[in-house]
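Read through the structures below before going on.
Look for subunit A in each of the two complexes below; its partner is subunit B in the first and subunit C in the second.
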Partner chain A sequence: MSDIDLDRADPGFKHEVARRRGAEGIKRCYACGACSARCPVGELNPDFDPRRLIRLVVLGLRDEVLSSPLLWVCSTCYTCQETCPEGVDFTEVLFVLKNMAVEAGCFPPTLGAQVELLKNHGRLYEITDFENEKRAELGLPPLDERPDDFLALLKDFQPETKGDA
Partner chain B sequence: MKSMAEPFASILLLPPDEYLAGLKLDPERLAAAAGGLAGVSEVRRVRAWQAEAAGPLEAEARLVLVGRREPLPLPDTILQFPVDLETCMPWLDGPAETRALALVRAAAAEASLSGPVLSRVFEPVRRVLVWGDGPAAGSMVERLSRAGFPVFLARPIPDGNSSESPAEVPPEVEILDEATWLALDGFAGRFSALLDAGGRTRNIEAGAVVLCGRPCLEPAPTGFDFDTPVTSLSGFEADPKIEPGSRLVFLSGPGRAATSAGMGRLMKAAIEAGNRTGAAVFLLAPEIKVAGPGLERLYAEARQAGVSFVRVPASGPEPERLGDGRVRFAVYDPLARARLLLTPDRIVLDETLRPDEALEGLAARIGLMLGPDGFAAPDNVLFLSEATNRTGLLAIGPARGTDSADGLDREIGAALDEIQRLLAPGRKVTDPIRVDIGRCAACLCCIRSCPVQALGFTHRPWPDPVACARCGLCAAECPSDALQLEGCSDDQVKARLAALMDRPRTGPDFTPRLVLFGCRRSALPALAAAPRPRSPMDLVFIPLPCAGRIEDDLILTALVKGADGVMVAACHTDNCRTQQGGPKARQRIERVGRLLAEAGLEPGRLLFFTLAPNMGAELAGRTAEFSRAVTEMGPHPFSRNREAS
Partner chain C sequence: MSWALFLGCTVPVRNLNYEAAVRKTAAGLGLELADLPGFGCCGFPLKSLSSEQALVLTVRNLALAQADGRDVVAVCSACAATLSEAEHVMSRDPDLAARVNERLAEIGLSYRGGVKVRHYTRLIHEEIGPERIREAVVRPLDGGRFAPHYGCHYLKPAEAMDHFDSPEDPRSLTVLIEALGAEAVEYPGLKDCCGGGVLGTDEDLAQRMAFGKLERIDQMGLTGLVVICPFCNVMFEGQQKTMAKKFGSKIKVPLFFYPQLLGLALGFTPEELGFKHNRIKDKDFLKAFEPAKG
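Presenting the complex of A and B:
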C-alpha cells in the first residue's frame, strides 16, 4: 500500500461506523491481532486482515475502506467475533461497512448479478424442471419462482456499480 | 563469659528420626559419630522443630541445627548454625553418613570459630531531616509529624525551572529555607548534617534523612525547527484551544518513554481534545504504558473519544519541513501496512520529571549513589519505594523520579515504615566486623569498597552496626586481612572447606571435586530448588553473604585442598543487594585465573556466572556442564602431585 495521507482522513468516520448497530465496539479495538491470527480467509489471502481494516477505519480512511474489495471476501465464519477479547463484533462490523459501501455505491459486480438473480427468481439460482423432478422423486412439492416477496423487500433499490469494487 | 582463647563448643541438635531416615541416615549411628566431633559439647535429639526444641540453653550458647534451613526463633545472643542436609547432601559423593557428617563437622567448625556476641543497646536520634519542597515534602513531613517524629525541613534555594508550590507543614516543624547541604557525617540512627542558609551554618542531628527533592517538569528536547506551534503539556492544559477541523498531535518523548503518570496526563488531555467535535486527535508514542492505576481505563476512554494512537520509533517520528515551514511527520504503521503522513496544526509535548539540579552536587557530598537517569534511585529491582545505597538515607517522590500520586503515597508509606524500624528506641546491635588494629595499615580500601558507606574512620575503620549490610566486601578487599566478617571470617570459610574436602574419594572412575562459592540470596535458594544431579557429582557448596565476599585466597585454598574446579555464582548485576558484589567477584576470579594460567593450570577450572534465586535448573545445568568439562581435564595437578607423593 502506498503512503496514507492523514491530512485527507475523516476523523468522524470511526464515530459514524460506531453509531451503526453491530459496529459499536469498533473503538474498543487495541489491535491485539487475535482476530487476524485466527481468520481462515486471511490465511489464504494475506491482504485480508481484520485488524488492519479496523485500523484503517480508526484512522478515518473512509474512501479506502468503503471502496476496498476486501470487504467482500469475508466468509462470515464468525471466528474473529468469537476470538475478540474486547467484544469487537468484527463480522458485524463488516456487515455495517458493506452496507455503508453499498450506500456509497461501492460493491463488486457479482453483487449486482446476485441481486438480478434474486429479482428474477426469488433465489440465487433458477428453478428448472431438473430440480422439480428431483423433488418429485423425493416426494416433495414443486417450487414456484415467486420473486414478489423479495421484490417487496427490495422496493426501489436499483444497484449500479460505482468505484473500483 | 568465656575467654577468647578457649574454643567455643556447640550443642548439636539432631532432627527427628523419621527425617534422618528419609535421608537414608541411621539416627543412632549419626548421633554417636556427631558426639565425637571436635567442637561439639553435647548432642540433643529433638522431636519437632520449635524454639523450645533446643531444651535449656545458656544465654550465649551455640547451636548446630542439623537438617534445618533456617535458624530457630531464639534470642540473638544465641548463635545458630543450620546444616541444610537436604540441599547439600545430594550434591556430594560418597556414603550418606560420610556426607552428612562432613556437613555437620563444617558447621561445628564454623561455630567454634565465631567470636563472642557483644550486643549493646543503641539509642537512635528520633529527629528526621527532610530535604526538598513541594507536595511530596509536605506530605512526608506531615506523616512523620503525625507519627510522633520531630521533623526538620530543609528547603533548598529555589530552582529556576521548578514548578513548585511550597510545602504546607505543621507548625511544630522546624524549617530552614534557602538551604545548601554542605556535608553529612555519621550513620543511620545518628546522622549529623551540616547545612548552610544565607552564610549561617547549622548542624542538624537526625536519625534518618528523607530526600524529597522538588518537582521539576520539562518536555524532552526535540530539536524541532519549523513553524508548526509546539507547546508543552502544561502549556496546553493552560490554553487548550483547538481550531475546529484541525489536526492535533500529542507527542510522547521523543528520545525517552513517558512515565505512567506522564502518559496518564497526556491521555487525559487527548481525551479532552478528542471529545470536542471536529478535531482529529493523534497520540504518537513509542509505547503506551497501561500498568498503573487507571491507565488502562484512560486508554480505553481515549479510543472511545476518537484518539488515534500511532506507535513511533523511540527516537520519535521522522520530521520533514514542508515548503510553508510547517512540519510533516512520516511514520511506518505496521497495522495499516503503510507509511502514515501527518501534518499537525499543533503539537503538544509530554513532560516528565527531570532530576532536581541540586541533587548531583548533593549526592557527592552525602555519599548517595545516583541512578543512570540522575535520580536518587539505584537501577536495581531491590531498591524500590524508598531505599538508596545508604541505610537511613531515603529518597522519595521527585528525588527518585516518581511523579504519580499513588507512587508517592506508596513511597511515603514505605519510608515511614523504614524510619519506624530504624529509629525504634532501645535497639540491640552487634558488631558486624572484627577489626584487627595491629594489622590495619589505614589504606582505606575498606571504606572505598563499602557499597553502603557504613564505615567511618578514626585512627582505624569503624563499621557501623546499624548501617552495615554484612556483605563482607570490605573484608574481602582488605589487603592485610585486618577486617573479618562475623560469621564468615576467612578462618570460618577455610574451616568449612577443610571439613567438606576431607572426604575419601570414591569409585574407580574420576568424579571431579568441585567447589561452588555462591551468594546466600541467589545460589542457596537456586541449589535448594535445583533438580538432583543425574550423573555422579561431587559439589561442595560454600555459601557467602554476597559473592563479592570471595577472595583470591579462598579460591586458592579450595584448589589447594583438592578442588578440581571452582565456581563462583553471584546475583545478576541489577539484582545484587550490594550492587558491586557480582562485578567484584568476577574481577577476582578472572585475576586468579590469569595467575593460575601462568602457573600452567587450565583457565577452564575456574568459572564465574550469575544467577537468580529461582534458577535452580540453570544452576544444575551449569554444574553438570562444568563437571563434564573438568572430567575431561582430569584431576588438577596439585591433587595429582599430592596423591602421587
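Presenting the complex of A and C:
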C-alpha cells in the first residue's frame, strides 16, 4: 500500500458514505481495531484491514478506496460488525463502498455476468430438462423459470466496468 | 401450519441430496412445506453491485409469500439472511419500503411487511425442538461423532435474525445433532467462516480459509462435518480434493447436510436422502442404515 497523500483528500467523502443505508455509523469509529483483529480474511491477507479502510474513508481518500481490489475480498462473515463496540456495521459499510465503486465503474467483470443470468433466467443456474430429469430421479418436483419479472425489474440496470478492480 | 419453501438458486440444482433430505424430514416431522412457483433468486448476488436493486429482487419473493399467506423457510443460509434482512429493513424504513413497492408495482406486486423468514435448521429447532426430535428418533446415531459447522449467514447479522442463537456461542445445531444420539464435538475454529463468499473473487484465499478447518477436523478422526448451507458445502466438499492436492495433504472429511443425518435417525434410507450425491462419504457409517436385504 502506498503512503497517504492528504492533498488528494476529499473531506466530504465520509459524509457521502455515511448518508447511505448501512454505513451511517462509520463516523463513530474510534479505530480500536476489534474488527481487524477478528477478521478471518485479514488473518490470511494482512493487506485487508477493516480499520485501515475506515480510516481511508474518514480521511477522504475517495479514489484510493473505490479503486481498491481489497473491497472485493470480504467474505461477508459479519464477524466485524457483530464485534464492533461502537455499532459500526462494517460488512454493510463495505457493501456501500462496493456500490459506490460500481457507480464509478470499478468492479470485477464476473459480477456483471450474474446480472445477465438473472435477466435471462431469474436464477443463477439455468433450468433445463437435464436438471429436471435429475430432480425426478430423486422424486423432486420440476422447477421452472420466471424470467419476465426479472427482466422487468432489471431492464435499466446495466452496470459497466472499466475493469480496474 | 405450512411454510413456503424457498430453495434459492444453488440447492435445487447442485444439492439435490440436501433438498431431498429437507423434504423427507419435514414430512416425517409433520412440517408442511409448500412450493411457490414464482420464487426466484433471493437478490444477494446483486447486493455488491446495488443494494437497493438487490432489495427489490429480495422483497419480490417476500411479496409472493405474503400473497400466498405463508411464512418462509429457506435452506440456503445466504438466502435466509438476505430475506430476513429485507423484512427487517422494510419494516423500519418506510421511505425505502415505498421506493421498493413502487418498483414492485411494475410487476403487479406489493409488500406490506410481516412475513417471517427462518432457516430450515432454525425452524426445526424452534418448531420441533431437541426433545421432540429425540422422541421421534427410531435409529439413533450411536457412536457418531460430528463437527457442527454453523456458517456465518445462518446466525448473522444477529439483529435481523431476532438473535435466535448466539454468534459467539451458537448452540442450535449442536443440540439438534445431540438429539439424534450422536456426539457434537466442540473444536477450535468452530465459528470460522468457510471462505465461500470470496471463492469468486479470490480462489486461493477462499481455499486457505476452508482448508484450515478441514485439516483440524481430519486430525480429530470424526465421522464427519455437518453443514447447513450450499456455499459451505462447496468449500468443504466440492473443493476438498482440489485443496488436498494443492496443499499436499491426504485429508478425507465426509460431509453431511444436517437434514441427511436427521433423516437417517428418523428411519429414512441413504438412498431416499440422496446420499449418492454426496461426493465424500464414509460408506461404513452409512452401511448400518441400509435396508435389510431379502
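Methods note: the second predicted complex is superposed on the first by the 160 of 165 C-alpha atoms of A that agree within 3 Å, B and C clash if a C-alpha of one lies under 4 Å from a C-alpha of the other, contacts with A are read in each partner's own complex, and residues count from 1 in each chain.
Definition applied: a contact is a pair of C-beta atoms (placed from the backbone, for glycine too) under 8 Å apart; a residue touches a chain by one contact, two chains touch by 3 or more.
If you're wondering where the values come from, they're calculated on a predicted model, not measured in any experiment.
After alignment on the shared subunit A, the placement of subunit B and subunit C results in a side-by-side fit free of clashes.
In the superposed model, A:K14 lies in contact with subunit B only, and not with subunit C.
Contact with subunit C, but none with subunit B, is seen for A:K134 once the two complexes are overlaid on the shared chain.
Put simply, the three-chain overlay gives an angle of 100° at subunit A, taking C-alpha centres for subunit B and subunit C and rounding to the nearest 10. Of the two partner chains placed around the shared chain by superposition, subunit B is the only one that A:V58 touches, whereas subunit C remains out of contact. Applying the stated contact rule after C-alpha superposition, one finds that A:I4 touches subunit B and leaves subunit C untouched.
Between subunit B and subunit C, C contacts the larger number of subunit A residues. Of the two partner chains, neither subunit B nor subunit C is touched by A:S68. Contact with subunit C, but none with subunit B, is seen for A:A152 once the two complexes are overlaid on the shared chain. Taken over all C-alpha pairs, subunit B and subunit C come no nearer than 21 Å in the superposed arrangement. Of the residues of subunit A, not a single one touches subunit B in one of the two structures and subunit C in the other. Within the complex formed with subunit B, the residues of subunit A that make contact are 1-7, 9, 11, 14-15, 27-31, 51-52, 55-56, 58-60. Contacts from subunit A toward subunit C in the complex involve residues 21-22, 40-41, 44-45, 72-79, 81-82, 89, 91, 95-96, 98-99, 102, 107-108, 110-111, 114-115, 118, 122-125, 127, 131, 134-135, 138-141, 143-146, 148-150, 152-154, 157, 159. The part of subunit B that touches subunit A in the complex is made up of residues 247, 278-282, 299-300, 303-304, 306, 308, 330, 333, 335-343. Residues 7, 9-10, 12-14, 16-17, 19-20, 23, 35, 37-38, 40-41, 45-51, 53, 56-57, 60, 89, 93, 96, 103-104, 106-107, 152-153, 156-158, 167-168, 192-193, 195-198, 200-202, 205-206, 208-209, 274 of subunit C are the ones that touch subunit A when the two sit in their complex.
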